[in-house]
Each structure stands twice: as C-alpha cells, then as structure tokens.
Amino acid sequence: MKKLSGRLLLFAFLLAIWLLLSAPFSREELIAGAIVSALISLFPFGSIPIFSEMRLTPKALIWGIAYLFVFLFELLKSNLDVAFRVLHPKLPIHPGIVKVKTKLNSRMGRLALANSITLTPGTITVETKDEYFYIHWIDVRARNIEETTRNIVSKFERYLEVIFG
Amino acid sequence: MSVYIIAVFGVLMVFAAVYAIYSRNILSAIIASGVISLLASIIYILLAAPDVAMTEAAIGSGLTTVVFLLALKRINRLRGTEEEDVDA
Amino acid sequence: MQDLELIGGLLSVVGAVFLLLAAIGIIRMPDVYNRMQAGTKATTLGSILFLLGIGLANPDWLGKILLLVLFIVFTNPISSHVLARAAHHRGIPLAEGSVRDCLSDDEAGEEGGCE
Amino acid sequence: MTLGTVIGFALILIGVWGMLTRSNLIKIIIGFSIIDTGIHLVIVSIGYLPGRTAPIIDGAVDKARAGLEVVDPIPSALVLTAIVIGLAITALMLTYAVGMFREKKSLNIGDYKELKW
Amino acid sequence: MANQLFYIATAIALLAVVVAFLRLLKGPDPTDRVVALDGMTITSISIITAAAFFLGRVIYIDVAMVYALVSFLGVVAIARFIERGL
Amino acid sequence: MLRRIFAAFAVVLLAMALLPFITEIHPFQELSPVARHYAEKGPDELGGANLVTSVIVTYRGLDTLGEVTVLFIATAGVGFLLRRDERDEEESAAAAGTDESGSAGNSPRPASELLMSGSMLLFPLLMLFGVYIFLHGHLTPGGGFQGGVVIASAMLLVMLSRVSLHLNHTVLGLVESLSGFSYVVIGVVGLVLAGGFLDNRILPLGELGNLLSAGAIPVIYSLVGLKVGTELTNILETMKSEEEL
C-alpha cells in the first residue's frame, strides 16, 4: 500500500513536470506524458521509497506553503548579510565548522533540511553522521551544540517536521 | 549585444585554452577544458544553433569531463600513488 | 503590461547585482569553504531573481522558467555539499582566523569542545 | 571575417601548439579536444547569417518566409554529429592512453621510443 | 526603458562571469577552480535566458535546462573524483 | 628546444594556410540553394518544425547511420581494450600476491547520504527530461543524441552516488542491439514504401507543430535516443568498473 502511494505520487510529480515542459497544453501531450511517466515510475530503480515517505495531508500542504515563505525570507536576509560581509573592506568573518543535532528521521526531510541550510548563505552542510550535521558557518556565534542547533536548524525544522516527519 | 557577449566569452575561451595547455596540474587542465565547452555552448546559442549548443553542453562539458576523470582514475590506480593530479 | 515589464527589469538588475557580489566573494574570500559560501549560494538568489524578472516581462514563459528555477534550487545545494565534503576529505585546512573545526576533531576522536 | 571564425582559429592554433609541445599523453588528448571545439566553432559560424534566427519553426518564425529568416541548418547538423563522434573518439584515445601507461608505467611521450627511427 | 534594464542586467552578469573566471585561473587548488566553475555556470544560465528573451525564442530555455543539469553533474563528478569515490 | 622551434614553425605554417579563411570569407547574406530548399520546402515535405532534425534524420539519414556505426565501433573498442586490461590485471595481481589488495584505502569512498537521497529524487526527473528531449526532437532543439546523453547522465548520477552498483551488461546490450536493428528496419521500410532510405513519410505527416507530426521522425529519434543512451552508459560503466568482472 505504501509503495503504491509512492508510485502514484511519483507519477503525478512527473506528469506535472511534463506538462510544464511542453508548455501549450494539448491532449496529445497529456497522453504521451502519462505513458512516459507511467513507464518511468515502473522503472526498477529505487526512487520509490523516498516518495512514499511524503505526507499528503492538508495540514502538511499548508505548512509547506508557510515554509516556502519562511525559507524565502531567510534566503533574502542571509544573502544581504553575506553581501555586506563581502563588500566590507575588512572582510568580517569568523568561520568554523560546528555540529548540530536534528530530530528528523525521513530521508526526504533530512534532504530538505540540509538543502535549506546549504541554500541560505552563511551555512553549508559539510557532512552528516546519524542525527548530527556538521555545518560550516561563516560567523560562528555560538559554542555548544544546543545553541548552534537553535541558531541554524530550529527555524526550518519546525516546519519540516510537520511536512515530512 | 550578442556581439559583445561572443567577444567576451571568446577571450575567456582563449585564456582557458592556454591555461589548459600550460597548467602543471592535470585535474585543473581537465576542469579548464570543461569550461571551454561550456563557454562554447553559449556562443552556439548566440550563433542561432541551439541544437549544437545543447549537444555541446551535454557532451563536451559533461560526459567528456567524466571520461577524462575515469581514465585518470585508472592511471592513478595503476600507478599506485595517492597524488592524483601531478603532471608526470 | 508595461509596468510588469518594468518590475521584471528591476528584478533582473537586482539579481544581476547579487550575481556580481557572489563573483566578488569568490575572489575575495580566503579559503575554499568561504568561497563556496559567497560563491555558489548568493548565485542562487541572484539567478532566481534574474529568471523571475524575465518571466515577469514575458508571462508566457513563466512555466518553463519556474521549472528552471526549481531545477537550480534542487541541484545547487547538493553540488556544493558534495564539493565541501570532498574539500574537507582532501584535507584542505580552514583559513586562518577560523574559530573551530568540529568535524576534524570528531574524526580524530578527540572528545571535548563540540558537545 | 566574423568573430566566431577568429575565436575558432585561435583555439585550433592553441590546440595544435599544445599537442606538439606537451609531452604528457593526457595533455595531448586535451589539446585534441580543444582543436575539436575550435573546428566546430568555425563551421557553425560560417553557417550563421547575421540577423537571422534558429532554424526551428514555431510561433516566432513565419513558415512562408522561412527561407529569409532562418540560418543554414546543414552546418548545425554536421557539427552535431561531429560532437558525438568526438566523445567516442576521446574515450577510445583515453583507453589507449591507459593501455600505454600499463606497458611502460609512464605518460611521457618521450619514453615511447619503439616507433622512432 | 524596460529593455534597457535587461541590457544592464545582462552586462552585469557578464562582468560576474569574468570576475569568477579570474578565480578559475588563480587557483590555487583544483577545488577552488571547481567552485569558480560552479559560480560561472549558474551565472551563465541567466545569460542564456536573457539571450532567449532578447532573441524572442522560448526554445532556448530548453538549452538552459540541459546546461544546468550537466553543470551539476560535472561538479558532482569532479567532487567525487577529488574525494576518491568515483 | 628543437622541438619547440619545429612546433612553432608548424603552427605558423598552419596559421598562414588558414589566414585566407579569416580575411577573405565574408559572411553570407543568402542561404545556399540546398539550404534554401530545406528551409522553404522542408516543413511541407517532411512536416518537421526543427529543420536541423529533418536534415539529420531524413535528408542526410545515411550520414547519421554512419555516425551511429562509428559510435558503436568506438564503444566496442573501449570495451574490448578494457576487458583485456582487467584480465591482465587479475593475473598480475594473482602473481604478485598482495601488492594491490594490501592498501585498504583503494576502495572508493561511499557517497554522502544527501547525495544518495538527491540522486533518488533527481533520477526520475532526468529520465523524464531525456525522454522529453528525444520525443520533441522535431519541435524543439534536441533529439536522439542529446536525449540519449541526458539518459546516460541520469545513469551516471546513479553510478556516482552508489559505488557498488552493477548494471546488467546483457540488458544494456539487448536494448542497444534491438533499437539499432529497428532503426535499420525503419530505414529499409522507408526505402520500400516511400522515397528513400530513412524516409519519414511512412506514417502520416500530421499538422506542423504538433507532437504527433513529422511522420516517423519521433519514432526514429526515440530509437536513436535509446541506442545512444545505452551505448554511452556502456562506455561509462566499462571505464568505471574495476575488479568486478
């Protein structure tokens, strides 16, 4: 059952992308896209598990949209921050690699969290080990693991926990 | 506009080519030859040949780089050393 | 219609300025990791703004441009993560003035500072 | 005289110079691929006609006026196939380089003296 | 007016490519060069899309997509080579 | 030193031979008669919106057949040379004892978890994109070769993220030979039913700009795409594989 829902989700995802790609909508494109998406989602390469982990409840959807806005805001804020640091004649950076802890278990959720961390300038995920992420931080403001977690991870994790679990 | 873009990218391509020839480090030379292909594919677009641009982007910079890297890895394995990129 | 085009143009200019800042960051920063911070990440926001600007000026293309943006947002962080991991594995040291390196400490098995 | 041809020729000359002066086998193959790119650039820019657009007919090109609006499709077709073949040839050359390295444990072309006279 | 803005934006992006290219030449480690390559390609995607806009052909965006995909793969391949995982 | 002088001499000679191309060839203002025919009559004759595709697949179909053959031979060459290599290596390793296997650092480092999840997410997307490119070869830029390369790239992503992946050479070879065979069969069918080898008018031409148009071009390009994709995957897999054989 779980596998089937993963396949259906993958199918819907691929079909939506196909329709976006072949921009003017027509019936031929829809049929061709459905056939191709079905073939690929039946393809025996293990992409299914990652899709069957998603939750498809209305609550997750709303939190997902909220997450998008939070993420865009963070992106803008940290971009301005890094731009300031780049342009400052003295280059005020205090880089270092810190360790944070995450509560997320699903692969999709961890991927989304790590990608969000990497996409906001100022932090890059360097390595993952179990529940710890090692993060290169351009401006190390905190020393111990709780504080760094609060600074970097928590703002995203609250949303991702609802969306992916 | 497109003439200026072609001129700038052409100059960059020439620099990258000279660098690829003269670099002491083979990995850097391979990266530079990938850059040449990427810049060439932009020039193809501006010369109204999108098919060629797509092919060049996909093959010249993607697969050719990978093929070079795979060959280099084999050679290093045969050589048995850990320095992967010193110009021998 | 004209207004939309104007907004798109402004958005594109802002995006291009972010791209330029990213490039300057690549030049100015002291080590690989910081170059990645400035370089490959500020380019994401820059190119998103640039592409959305063009999409606004030309609303018929918005679907494809959104797909392109989605693609960049998916792939870019993965590539810089892999690159950062490779650089760390290769043993490239952090720049002078760096505060700490928990990953190397943990790999060396030293207990202490990172808890 | 167009910009594309000039860049292409510059790349060809650089590539030839590199192939003749470098002694590392992989460097020679890189020189070959630079020559390849240069030749493709020359062919495509010979087929380009200023002010015209890509030979793909959609909303932006009028089918009836296609002969006056599009560039020459033949050089594109030739170069497209040439690029794919170039990849295969490069892979083959690299395989030979690996084989040669196995024989002599050296990538230096000066160490291969069997064909010298 | 709006068109001029796009021209300015493209010129700035072009400058960004040139600046990133300097890091590619300067080095010092291959890893730095890959970072420069990554920055250059993402900037180039914007330039390709701008060219599609100026020339009025939506089809060029397909090329930009292939370009984005391939530059990602190239960077991942080089990174995996550097960490000896290829 | 002598070598450099000779090289400089050769380069100068080449430059002088090529100089007329730069100075004397002026950009054309008109299409050549053949190109003019392709541009004006092509859309009606073959029904393909992308003229480059029409030229490659039908007008110059024989050239493309030759190219596919060259690609096949190069793949076979790479495979042959490296297979022999590996046998030698095994023998020498067996003779030398523990020379190679002693260094434990030789086995490739596993990919990070994020790259694995990312490749799981991206792999279907890339496959879809490759299929899109070769199915729309007659409408948008791209076609069998580019689509095949994108499919090979998707396979490459999986290879990069999972070190111990074994692709089945039999299946790859089967897909490759079947699509190559069907390609030639379609070409011969064109020779019998329509004007010549690889003529696409064996199927209805349809309306210009639709997905189902241009006769057999989408079919031919799909076959080319499958063939090129499996062939390049084969090259990559052969060059990557180490002691698995």
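Chains here go by letter, A, B, C, D, E and F, matching the order in which they are written, and residues are numbered from 1 within each.
We adopt the following convention: a residue touches a chain if its C-beta (ideal position, glycine included) is under 8 Å from a C-beta of that chain, and two chains touch if they have at least 3 such contacts.
Please read all numbers here as calculations on a predicted model, not as lab measurements.
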Under the touch definition above, the chains in contact with both subunit B and subunit F are D, E
At the largest C-alpha centroid distance from subunit A we find chain D
For the chain pairs B-E and A-C, which is connected through the larger number of C-beta pairs in contact? A-C
Between subunit A and subunit B, what is the separation of their C-alpha centroids in Å? 31
List the centre-to-centre spacing of subunit D and subunit E in whole Å, with centres computed as mean CA coordinates. 21
Separation of the C-alpha centres, subunit A versus subunit E, in whole Å, is 23
From the C-alpha centre of subunit B to that of subunit D, how far is it in Å? 12
Where subunit B touches two or more other chains at once, by residue number: 48-51, 53-55, 58-59, 62-63, 66-67, 70-72, 74
So which bits of subunit A are touching at least two other chains? 17, 21, 23, 114-115, 125, 127
The positions of subunit D in contact with two or more other chains are 6, 17, 21, 48, 53-56, 58, 70, 76-77, 80, 84, 87, 91, 94-95, 98, 102
Where on subunit D does subunit F make contact in their complex? 1-2, 5-6, 9, 12-13, 16-17, 20-21, 42, 46, 48-50, 54-58, 63, 66-67, 70, 72-74, 76-77, 80-81, 84-85, 87-89, 91-92, 94-96, 98-99, 102
Listed in rising order, subunit A residues that touch subunit C in their complex are 17, 20-21, 23, 75-76, 79, 82-83, 85-87, 91, 93-99, 114-116, 118-127, 129, 134, 136, 138, 140, 143-145
Note: in the complex, subunit F contacts subunit C through residues 109, 111-112, 114-115, 118, 121-122
So, in the complex, the side of subunit E touching subunit F is made of residues 59-60, 62-63, 65-66, 69-70, 73, 76-77, 80, 83-86
In the complex, subunit E residues that touch subunit B: 7, 10, 14, 17-18, 21, 24-25, 27, 30, 33-34, 37, 40-41, 44, 47-48, 51, 54-55, 57, 59-60, 62-63, 66-67, 70-71, 73-74, 77-78, 81-82, 84, 86
